[in-house]
Each structure stands twice: as structure tokens, then as C-alpha cells.
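Here you go, one structure.
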Amino acid sequence: MSSKLIAIVAGVGAGTGAAVARKFASTYPVVLLARNPDNFKSLAEEINSSGGKAIGISTDVSDSKSVQNAVDAIKKEFGSDVAAAAAIFNASGGFVRKPFLELPEDGFTQSLIVSAKGGFLFSQATLPLLLEGVKQKSQHPPSLIFTGATASVKSSAQMSSFSTGKWALRALSQSLAKEFGPQGVHVSHAIIDGVIDIPRTKEWLKEAGPEAKLSADGIANDYWYLHTQPRTNFTWELDLRPAVEKW
Amino acid sequence: MSSKLIAIVAGVGAGTGAAVARKFASTYPVVLLARNPDNFKSLAEEINSSGGKAIGISTDVSDSKSVQNAVDAIKKEFGSDVAAAAAIFNASGGFVRKPFLELPEDGFTQSLIVSAKGGFLFSQATLPLLLEGVKQKSQHPPSLIFTGATASVKSSAQMSSFSTGKWALRALSQSLAKEFGPQGVHVSHAIIDGVIDIPRTKEWLKEAGPEAKLSADGIANDYWYLHTQPRTNFTWELDLRPAVEKW
Amino acid sequence: MSSKLIAIVAGVGAGTGAAVARKFASTYPVVLLARNPDNFKSLAEEINSSGGKAIGISTDVSDSKSVQNAVDAIKKEFGSDVAAAAAIFNASGGFVRKPFLELPEDGFTQSLIVSAKGGFLFSQATLPLLLEGVKQKSQHPPSLIFTGATASVKSSAQMSSFSTGKWALRALSQSLAKEFGPQGVHVSHAIIDGVIDIPRTKEWLKEAGPEAKLSADGIANDYWYLHTQPRTNFTWELDLRPAVEKW
Amino acid sequence: MSSKLIAIVAGVGAGTGAAVARKFASTYPVVLLARNPDNFKSLAEEINSSGGKAIGISTDVSDSKSVQNAVDAIKKEFGSDVAAAAAIFNASGGFVRKPFLELPEDGFTQSLIVSAKGGFLFSQATLPLLLEGVKQKSQHPPSLIFTGATASVKSSAQMSSFSTGKWALRALSQSLAKEFGPQGVHVSHAIIDGVIDIPRTKEWLKEAGPEAKLSADGIANDYWYLHTQPRTNFTWELDLRPAVEKW
């Protein structure tokens, strides 16, 4: 395996993004993208101080210049022939429940800007690195993984902002899976159907017990599993929910 | 029925939009929205000269000011207590087939801007008029109808621009159907799964015979049917395709 | 239009089946199929005494001999060159909510037998008559319509019997739509997503008001609409629910 | 972990079933069910001679007595308090492409009998053993896994037999996932979307290269992965296809 293979995670916060970064960091140097450096600083330190390698780059995935800067920084760090083993898009925005007629325009477009436009920019920036990974015959097929939600397949009343962005992201992932699968890149979409167990949701579902929420580390394992599927057995989509979830 | 009930059609061109406008014009004064006045001028004349009433308003549905101007012009013409019997969103953009890595950012976002943001602005502008129609006890439940496509449920390789916009629009329509159905507005989404028979597609599928393409007038009838469904029997979604279509 | 064109309705009871029969009887002689003659007797009399023509045939749609007997009786009544304008499959069975491990085998298979096997036998018996309708150039494309339910697209806990039959029926209808659409027969599937307003459900949802249930006459209108769609604009599937329904 | 935990595989042939059995045999004693002993004999020998434990039981999964006999034989072999760590339903039937009007009744019902009725009987027989596995606190949540196909979500012309059975099986699996997830049993459905690389398909897709077919061992790994997901992160459904597959 080339020593140049890296993993890139967009949308690193307290939950899925951080867990995914930790998981992939045990095999690859990881690049952590988040708008706010507070979201990756301590995580990068943690990874670097425990035998891994991580760099954080302050990036707005919905801004093409910012994404280009991130790619430049990645090449500066890892060389211009850097290849990616995995790129994980975990950013999201616009989660708001509000009567439709009270929703301001920028409230509605927020999710589209992060999920759809951000997903597009992130994919265009990372796919060349993933294709380079194919060329360098990475051990596992290079993976582009998108984090979806219940709202990716169900559009609830008063939630049109979040769901339009998530449906658009799912469409993007399906189109990319069809175009880049034959080129050797494994594109996947995970429907996270439930609440994730992170500090922010500590008080939620408390009475339902310790297994009522999705484990972020579990999601990271699931993403790693997708990453290790061979070219003969690609999964585009899977759903994930706690055993006790009503659905 | 109040004399104030109107129908509003966004995205009036040679095909579905014009046919829908003609159909609804036999019952309601119609407002024709299109960016380019060339797209509604002769149609408005045709309707006005054959016993109907139509006004065209040059409108960019993806621009909030332009949409607000359209609403102002509608109120100036039909009174500030104007109510809508139907609002039909037929605009679309970003239909392009291109290797993903060659797609410029504005090529990708074009469909999202017209379908998702445009659909949002059109819905926010017309729903108050449709709710006014409910209040005025319109004969048929006021209808908000969105035009979808094969790409609303299937995201093909190299077509992510079109499909992300269409999936987002479908998500919007489902959320609105759930929120506004109980308030008396009938929100629908039609999946147009085939080529429509319009001048631009004259040469397409020629060898397949006269019935290989969808009839725009037929679609207009289908939309009218949706409009006349009573509150006990609302359809959110239907698909439409020629009998001979392979699917 | 040939005087030989008939409509055949399987599953005639108090609700949808009877309403559909009445609706189609205003244009075609109708054949009413039900296991129990009590289910069609008074309906046949009602239609015959009000200017229409109806015959009832006691039929078990899940029994091939019984279905063949029905076809023989139809040919005896209307001639061996009889053609069908419409065939509507409205039979269902196995609606039961029960912990899975307490469900007896015949409780589970009941829905499969009526919906899947019954749908198969009904389709094989009526499609030759519908194709004959195509040959005789019926005014409207001959229609084969299947009644679905919420359980056709959603399989709830403790409801596997009903949903397996309904999913199988939906699969059958999609396959037939693809095979027989190009031959001129219009195959449709209606997802009835709510409670139908019939004597048996009189007390249900009472507090929710008169519009909380689907109208059987409304469904009949919807089926008639499907029947009148031209070959350029076939709908395979639509959903139907009361405006106030939560979904 | 209790020494009594076993894995049960129904539908053991040359492909997925055998590969799954081998995979699970490295951790659990396995029970191999097939109608024809030829299908499990050499496999059982292979497993038994390489350090594992396997017994084969000639079973018709669509016959309740035969399934009961299998359960009796399992209890005789492993004790009446035997618990299952995994039960995998890989049987299928009725794969036939034929004009609908030429399909004999037993050709149509074949798939329903194996997939739907067989799936029901297998689930009723194994769920008590899986629940016993929950009680015995198996290391991994006991798993009930169903093998689906492209035809589980798409019903092609002239393929109604296979698809009705597969749609019914998918409905069964979804209902069971919702009922038994909260009880600790992990129910999954895998959509195998492509040709599996087995002796029978040796000549198929040959020109498309060695990666154009799904690997049966890969599917076994995927099922094992599903089996090892913790209660916080259950996947109900995933799709599997070769990277080069057109879809």
C-alpha cells in the first residue's frame, strides 16, 4: 500500500465525524475538515499523540475557494501525488422544524447549500484523489461515503429544509455510485435512522435505556466495513438504527 | 365560486406549462410566469382572444424579489383578497449529461436553484393565496402541483445536477402535502416518465410511432383531474408514461 | 364501441367494489364476482333496476376452477367473443394483527392466497378479454386495476400476513404493467392509504369529522379516471388518502 | 458464550448458502437445510473434516411438517435448550422468464411457496431459538438474515413469479425487523443485485472480467458483518453488487 494514502473527513464534530476520523486514523493519516477549528483541534491532537497522524484544515465545504484551499493544503502536506483511500462527507445543516410559511429563505437553503452544494464540491475535490488511489492499487477500493438520515427517504411536515438537502445528497451519491463504481471507487450512502449518542443528546431518550441511541463508534465501524468491501461486493446503501427504534 | 379564484402556472413554455395553462384557463383566469416574456406572450393572447383571461408576468422563480414582484402584480390585477384555485410549478433547469468531474459548479447548482429554491419561493408565494381559496370555499380544493420526472426517483450516472434538483423538489412536495393537506390544500407531485411530445422533441422517437411520447394536453388533463379530487381522496403522487415506454 | 365490452369487478362488498361496479355500470355491463352471493345480489338488482346491466357470479378468485367457471359463465352470457373494457381486482384477505409467533400457517397464507394467487388467476382470466378489447378498439384503453393499501409499501410489526400478500400483488401489477402496456392494456395499482367510509367503519374516526375517511365513490371516480387515460399518458400507480390523514 | 449456540442455513447449494455456512461454521456448529441431501452432504463433510461441526437435514422449507422435523432433529442433536446465533434464509424458487399468459399456476406459485411460505415457516421455527440466544446473552445479537435479489425491489415484465415471492419475502423481513428488533433479534434483508460467481454462472459475463460477478464468499462476509453489528447499530437492508454493474 502506498504510504501516500490518506482519509479525508468533512464535518468533524462531537459525533460521527470524530468517531470516523479516529477509526480511519488507525490505518491512514487523516485530514479533518470543519469550518470551526474548535471542532478538529483537540481531535487532531488526540490522534497525533496516540500514534496516528491528523491535520485539521478550516474549511467551508459549501465554498469552492475554501475547498480548493483545503486540497492545496493537503497536497502541500502529503505531496502532489497524494491519493485518498477514503473520503467521508458527514457535514449537514438546516435541521429546523418550523411552519413552512415562517421559514426564511436562508433557513430553507441552508441544508441545500451544505448537503447538496457542499456534497458536490467535496466530491469533485476528493474524487481525483480517490481515482489516484485506484491507480496506486490501494488495498481496499477507495471509498466515498455520505452520511444520510431518516430525512433522506422521508420528508416530514415542517421539515422541508433538512429533507430537501438530504434527498439531494442521496441523489448525488446514487449518481456517483453509478458513474465511479465501474472506475473502482466505492460510493456509499448510510441512512442514519435514529438519534446518535453524543454529549448534545445526552438527555434525550434517557428513559429508553443505554441502547436507544446509535453509537458513533458503531457508525465508524460500519463505515470501515463499507470501506473494506471488495470490488465484487459493493454496497451503495444501508440503513442503521438502534434495535429498539420504532420505524 | 368566488370570481377572484385564479390559477398560477410557473414555467410556461412550449409543452406542459402551456397545455396546463390552456386547460385551467377554461375555468379560471390564469397567471403565466416565465423568465422570458416570449414564452407567455402569444399564449396569453391566445387565451385572451378565445374567451379566457390570462396575464403574463416576467418572473425568475429562483429570485425572491422577482417572485414578490409577481405576487404584487397579481394583487394589483385581481385585488388584494385574490385567492388561488391552483398553483402549478412546472419550471426546471440543469438538465445536462456530463462526466461529473467536468461539471462546473454553476452547472451543478442550476437545477437546485430552479427546482429546489424556485419551488420553495413559488410555494411560499402561492400557499397564502391557496389558503385564501380554502377560506373562500373554492369548489375544488386548492391545488399545488409540482412537475417531476424520471430523475425524481432515479439518479443516473452523469446526471447528478438534474436529479439532485428533482429529488429535492419531490422532498419539498411531500413535506408540503403533509403540512398543508390537513389545512385543505391539495399538494401533488407528478412523475413524468418519458419524452413529452413538443416541437423540440419532434424528431425524437419518431420511428416509435405517434404514441411513444407523452401528450402535453394529456398531462394537463391529469393535473386537472388531481385538482378536482375531493378532500376525502387526495393523491400526492402519480407517475405518467406512454403505454409503450420501457421501464 | 362494441356492445360486447364489459367490466369485471372481483371483490364486491360494501365498499370500494360496489362503488366501482356502480360507476362502471353507467357505461358497461358489469360482472360482479364474490365468493358469497349475498355480496353481489342486491347490488346486481340495484344496477339492473336502474337502467344498467349486472350479473353476479359466485367465485373464489383463489381457485382456478372457480375462476374458469366464471369465465365460462361470462362467455355464455356475453358471447365467446366478449371483450373487457375494465377488470378491477379488489379482493383481499388476511388482514390480521397478531404476534408473529402466534400466527397459524393458514392465517399467514390467507393474504397470499387471495392477493397473490387470486390476483394471478384473475389476471390470467381477464387479460385475454382485455386484449380482445384492444383488438376491438375500445374507446378507452382496456384497464386492469388493482386495489392496494398502506400495507402495499410498508410492512408493519405483527402485520406480515397482510403486507406479504399486498407487496406480492403490487409486484404482480408492476410486472403486468410493463408486459401489457406496450400491448395496449393499462395496468394500474392504487395505494389506498386510509380508512374507507363504509358501514363497517362507521364508528371509526368519528371524532375526526366526515372527511377523515376515504370515500368509496371517490375511489370509483379515481379508477374511472385511470380507465379514461389515453395510451400516451398511463399512470401505473397513485396513492389516495384523506386530506387530514397523518402520513 | 454458550456452547449451545448454533447457526442454521436454509437453501444450501453451490453458491451463497455454502459460502455462508462455511463462514459461520468457523464460529458456530452449523445446521444445513436443503431438500436434496446432495446439496449439503459434501459440504457437511468438508466442514466436519476441517475442525468445524455441521449436520445436514433434508428439509422442504415450504412444508410445515418437514420444518418441524428439522427442529426436532436440531433439538435431538444440540439439546432442547439449544439457541441460535444466526438463521439464514437463502432458499428461493420460481425464477422463470415467460410470457404471463403462458405461465402455469404452479409456475407462478412456486416462488411464493418457497420464498413467502418457506420464509414464514423458517422464521417461525428459528425465531424461538434466536430469542433463546438473546436470553443466553449471545456475544452478537442473534441474526435472522434473508437473501433478496434485484427482483425484490423491481418487478420486470415476464418475471412476476420470481418477483412476487421476493417482494413478499422482503415484506416479511421488514415486519419481523420491526417486531423482533426491540426483542434483541437482528433481522436483515440483503438485496443481491447481480450474478453470483458459481459454477453454474461460469460462462456468464465471462468477457466482462473476473470482477463482474458477486463473490459468494464476499456475501458470506457481508452476512457475518451484519451478524456482528451491536444492538445500537442494526442494519435492516443493504444492497450488494459488483463495482462494474450497470444499475
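Read from first to last, the chains carry the letters A, B, C and D; within each, the first residue is number 1.
Everything below uses one rule, namely that a residue touches a chain if its C-beta (ideal position, glycine included) is under 8 Å from a C-beta of that chain, and two chains touch if they have at least 3 such contacts.
Model, not experiment: these values are computed from the prediction.
Q: Identify the chains adjacent to both subunit B and subunit C in the sense defined at the top.
A: For subunit B paired with subunit C, there are no chains in contact with each.
Q: Can we say the copies subunit A and subunit D touch using the same residue numbers, with more than half in common, or are the two sides different?
A: Same, since over half the interface numbering is common to both chains.
Q: Please work out the Cα centroid separation of subunit A and subunit B, and write it as a whole number of Å.
A: Whole-Å distance between the two chain centres: 34.
Q: When the C-alpha atoms of subunit B and subunit D are each averaged to a single point, how far apart are the two points in Å?
A: Once rounded, the distance between the two centres reads 46 Å.
Q: Per the centroid of Cα atoms for each chain, what is the distance between subunit A and subunit D, given in Å?
A: About 32 Å separates the centre of subunit A from that of subunit D.
Q: Find every residue in subunit B that makes contact with two or more other chains and list them.
A: Residue numbers touching two or more other chains: 178.
Q: Contact residues on subunit B for subunit A in the complex?
A: Subunit B residues touching subunit A: 64, 99-101, 103, 105, 108-109, 112, 116-117, 120-121, 123-124, 127-128, 154-160, 163-172, 174-176, 178-180.
Q: Can you tell me which positions in subunit C touch subunit B when the two form their complex?
A: For subunit C paired with subunit B, touching residues are 141, 178, 181-182, 184, 186, 197, 211, 213-215, 218-219, 221-222, 225, 229-247.
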